[in-house]
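Each of the next two complexes has chain A plus one other chain: chain B in the first, chain C in the second.
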Partner chain A sequence: MAAIMDINNLKVSFSTEEGELKALNGVNISIKEGTFHGLIGETGCGKSVTGRSIMALLDNNAMIKEGEILYKGENLLNKTEKEMQDNYRGNELAMIFQDPGSSLNPVFTIENQLQESVKMYRNTSKSKYRDIIIEELKKVKLPDVENLLEKYPHQLSGGMKQRVMIAMMLACNPNFLIADEATTALDVSIQAQFLKVLNDLKEKLQMTVLYITHDLAVISEICDYVSVMYAGNIVEELTVDELFKNPVHPYTDKLVHSLLGPETQIEDLVEIPGSVPRLIDPPPGCRFHPRCEEAKEICKKERPKLKKIAENHSVACHRR
Partner chain B sequence: MKNILEINNLKKYFNSPAGSVKAVDGIDLKIKKGETFGLVGESGCGKSTLIRTILRLLKPSYGQIFLNNNDITNYEQSELKNIRKEMSLVFQDPHSSLNPRMTVFDTLSRPFKIHNLAKNKEEMTVEIVRLLKLMGLQTEHMIRFPHELSGGQKQRIGIARALAVEPELVFFDEPTSALDVSVQAKILKLLDKTRKEFDLTYFYISHDINLIRVVSDRIGVMYLGKMVEIGDAKTIYDKPKHPYTKGLFKSVPVPDPDIKLKDALVGEVPSPVNPPQGCNFSPRCPEAIDKCQKEEPKLKKLDDGRRVACHLF
Partner chain C sequence: MEKEITYEEIKEDISNLKQQKTSQLSLVWRRFKENKLAVFGIVIVALMIGIAIFAPIISPHDPYETDPINKLQKPSKSHPLGTDALGRDVLSRLFYGARIALSIGILIILFEGFIGIILGILAGFLGGWIDKIVMWLVDVLRSFPVIVLAMAIAGILGQGIYNVVIALGIVGWTTYARMVRSKILSIKEADYVEAGYAIGESTFDVILRYVIPNAIPTAIIMVCIMMPTALIASATLSFLGLGVQPPMASWGSMISAGRDYLLQAPWISTSAGIFIMITVLGFNFIGDGLRDALDPTTNRK
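Right after this comes the complex of A and B.
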């Protein structure tokens, strides 16, 4: 399968009062067409910045220092705001955010909100709008759709709002979806229903999805490949099967073993000593070395490059 | 083992424009001294309201609460100060539960001052250093402000504050849900060690089934203000009986790509203002029978010792 998106050596910094915050420190991700690609890491590691960089939705104090984001061979970083808006956002790329409550406009009905997507991205007559909206809402398994159209966001539960968000995204017909912690605000039963909807869509629509989350169990449920991120770097890229059977990077290994699975006992839990570094003055060399039990001299000096160790498996570590 | 806490038919209703919200609707519970009890349920099931009512941060609408055989249900404000030394609470969000303008020392000195637990400042400082050590923090953390600490460190300060009064019973309201997994492991181990060392009784509430299973001796499952299943943690986890418990457990993704979600819960939690007739869970229940829509099931004891509120048993 060919890659639909290649992010190469992406470096993004933010200017802050304390100085330059180096959020992304040379990120490399290759996403194959039609797959669900997970992006996992702890709070503040740069997952969301990566997603927003793709959409060109970074805050004003962000600076893209280096690198490229190739989408279907075109470098998105060279596009103007107008080109991004006219040719990419919505019809090619779409993003859903963590909090469905704040992503919908509270003063518009569900029909109004979806109408905008349909109007902008579907070449069709006004009389067909309603049918398309109903069709999209049914795809995400929302009950009682006709009634729902007249409702306002506050009348819906969190799970329903998140599904409206997906329907809105589907109405644009994008090829590439970025889901940023899309189920973090939801209860497990609602999350399960949401994941099922995504899994069904995966089979039907052959969409490519970049799924950003901190939850490894969700990754194992829906993703094919995964990139593991730590303090602005991708430390490992592998298939989801390998992630749980054969994690190679010391950070990935610890992360997988700090999970509470169905068999885990409190004694088995692995903790990672220390804490995530401040990205204003990150440690030199490998950013994980101060917390790594296997760190050697070279780890303190030189940043490890992501190198291929097997088919579909790359790792950035001097010790591997 | 004696019961440290006993609650009978506890109810907490809130008034709202739409009608009375039955947040906690008739809960019976006994907590034994030295055990860890875990209460699991989805958002809005009433678990936070339940512990806040037990702690008497809220006034119960009905029922009784006994703490060490004393009826604290109707304690006045002045009497409540005494039970604050016996029961304490660790909050969910360490970022908002610490005063941003107070140093760690100031935060931790509050319980000592309020309850007159130290003779003078020297004695208090010694105690605060001891608490920090207990939580794996250093003396130098005393002069830090919350914004200078990581999430995990803040939560350990929150725990230290709860332990300062040397309580017998500690409540944890989602103690690790705001933290990353690698930090969660550390906090859970620390809490386990502290419990054994000081012979404490723990009461956890969480939406995270795996967390509750790992830490608890006994668990309870709550749905829409009522207890639907309660018993030994392993018994319930290995073989849940109530259809809600079964569905809830099956809705949790397993970190193993070979195991996919199956038989997860469908539908949504109904409004607690207007709960369904009969069994609360009947509209979403795949196994519901006629009786379920008419009659409310009571908790019944099964052979393996657990209690289930379901007409199928």
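Right after this comes the complex of A and C.
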């Protein structure tokens, strides 16, 4: 399978009152067509910034310093806002946001919300809109769809809203979907439903999905590949099987072992000492070295590059 | 069993799309109706509008016809609210005064609302120097006592209905601009606006479909809440002799004219005052009711 998206050496900074915040410090991700690609890391490590960079939806104080985002061979960073809006956002790329409750326009009914996507991206007559909307809502397994059309977002539960949000994005017929912490705001049983829906869609629609989360359990359920992110860097890129069997980077290793399972005893849990560094003055060299038990002299000085160590497995660590 | 009935209802709805559009309005109306005071407000305002429209028909006398012999008469059968110092029928003048009061009120609202809402949207959405200039103007204008500033402007422009509108409009738009701006600022940051961009909407579409519809309830409520302020302010200007010209019947100038005879003929000032009060109250009730009814996220029991 060929890569549909290649993010190379992406550097993004935010200008803040305290100085330049280097949110992304050379991110490399390669996403294969038709796969679910997980992007995982602690809060504040730059996962969402990566997603927003792809959509060109960064805040005004963000600067893209370097790098490229190749989508089907085209560098999205060279596109104008107009081109992004006309040719990419919606028709090629779509994004599901973290909070389903506030991502739907409160003054429109569910039907109206979806109608805009249908109007823009499906070349059909107005009389067919409703059928398509109903079909899209059924795709995400919403119950009692006909009844739902006239409802306002605040009348639905969180899980239903999240599914409406997905339906809205799917109605655009995108090839590439970014799901930014799409399950974080949901409770566990609804999370399960949501994952089932996604899994279902994965088989049916052949869509490529970049799944941003900090929940390893979710990753293990639906993703094929995973990129592990730490403080604005990708530290490891590997398959999901490898992630749990053979994590190479010390951070990935710790992360996997901090996962709670039904059998886990509190004593067995691995804690990663310290916290994510401040990105305004990050530590030199490998950004993980202050928290790494295996750090060597070189780790403090030189930033490790992402090296391929096996098929579908790259890691950025001096030690390996 | 119940579910089947709703399903049938929905099926009927599907066959008739137009019917659903009205159902949204009827939802607002249903909520509005629950508020007894708001309905009372509608009745009052409707009554006032009726009086204003049909003033020539329902007035017992010509409001401008003077009758020096019968001046300062007590309320009687032929003059239900008595007569004023020139012998004009007070009730007829109050009816004609409703025309002036409501039309001035509406003109002020349209004038200041138009300026305020547009500047508020621009300032809120575009930000930057436009925002700075607009907000600076608002701050400067609001640092004056409202009625003093309006008096100064009305004094410069001279008497007359339109000058009252301009004077109060220049002072009044600041409230709209401020409210609309802060509303736009919060909408602009909302996730659904970002979601709109994410499905490929243009900035123009985002303003049209996401920003403005969400700001409209605020604007409507504001108009209803500002109407009483406009009524009182225009009455104040008339009272001070800076508004509507003397022969014309206006509530404010009637209070002023009756002031000299407050002990002999209290009905002149009092009845005009009561008319102002009732009208203002009516608009306030409507404003409150609308605020509750228009917000789609209000919790319903």
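Here is the rule we go by: the second predicted complex is superposed on the first by the 320 of 320 C-alpha atoms of A that agree within 3 Å, B and C clash if a C-alpha of one lies under 4 Å from a C-alpha of the other, contacts with A are read in each partner's own complex, and residues count from 1 in each chain.
Heads up, the rule we're going with is that a residue touches a chain if its C-beta (ideal position, glycine included) is under 8 Å from a C-beta of that chain, and two chains touch if they have at least 3 such contacts.
What you are looking at is a predicted structure, and each value in this text was computed from that prediction instead of being measured.
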item: Which superposed partner A:Glu221 touches (first chain B, second chain C, both, neither); value: first
item: Chain B versus chain C as contact partner of A:Thr16, first or second or both or neither; value: neither
item: Touched partner set for A:Phe108, first chain B, second chain C, both or neither; value: second
item: Which of chain B and chain C A:Gln85 touches, first, second, both or neither; value: second
item: Partner chain(s) touched by A:Tyr152 [first = chain B, second = chain C, both, neither]; value: second
item: First, second, both or neither for A:Met95, with chain B first and chain C second; value: second
item: Interface residues of chain A shared between complexes with chain B and chain C; value: none
item: Of all residues in chain B, those that touch chain A in their complex; value: 42-43, 150-153, 180-186, 188-189, 192, 207-211, 213-215, 247-248, 250-257, 259-261, 264-266, 268-269
item: Chain A contact footprint on chain C (complex, rising order); value: 6-7, 10-11, 13-14, 20, 23-24, 190-192, 194-202, 209-210, 213-214, 216-217, 296-297
item: Footprint of chain C on chain A - complex, ascending; value: 55, 57, 85-86, 88-91, 94-95, 97-99, 102-109, 116-117, 120-121, 130, 146-147, 150, 152, 154, 165, 168-169, 172
item: Residue ranges of chain A in contact with chain B within the complex; value: 42-43, 157, 159-160, 187-193, 195-196, 214-218, 220-221, 240-241, 243-244, 254-256, 258-262, 264-266, 269-272, 275-276
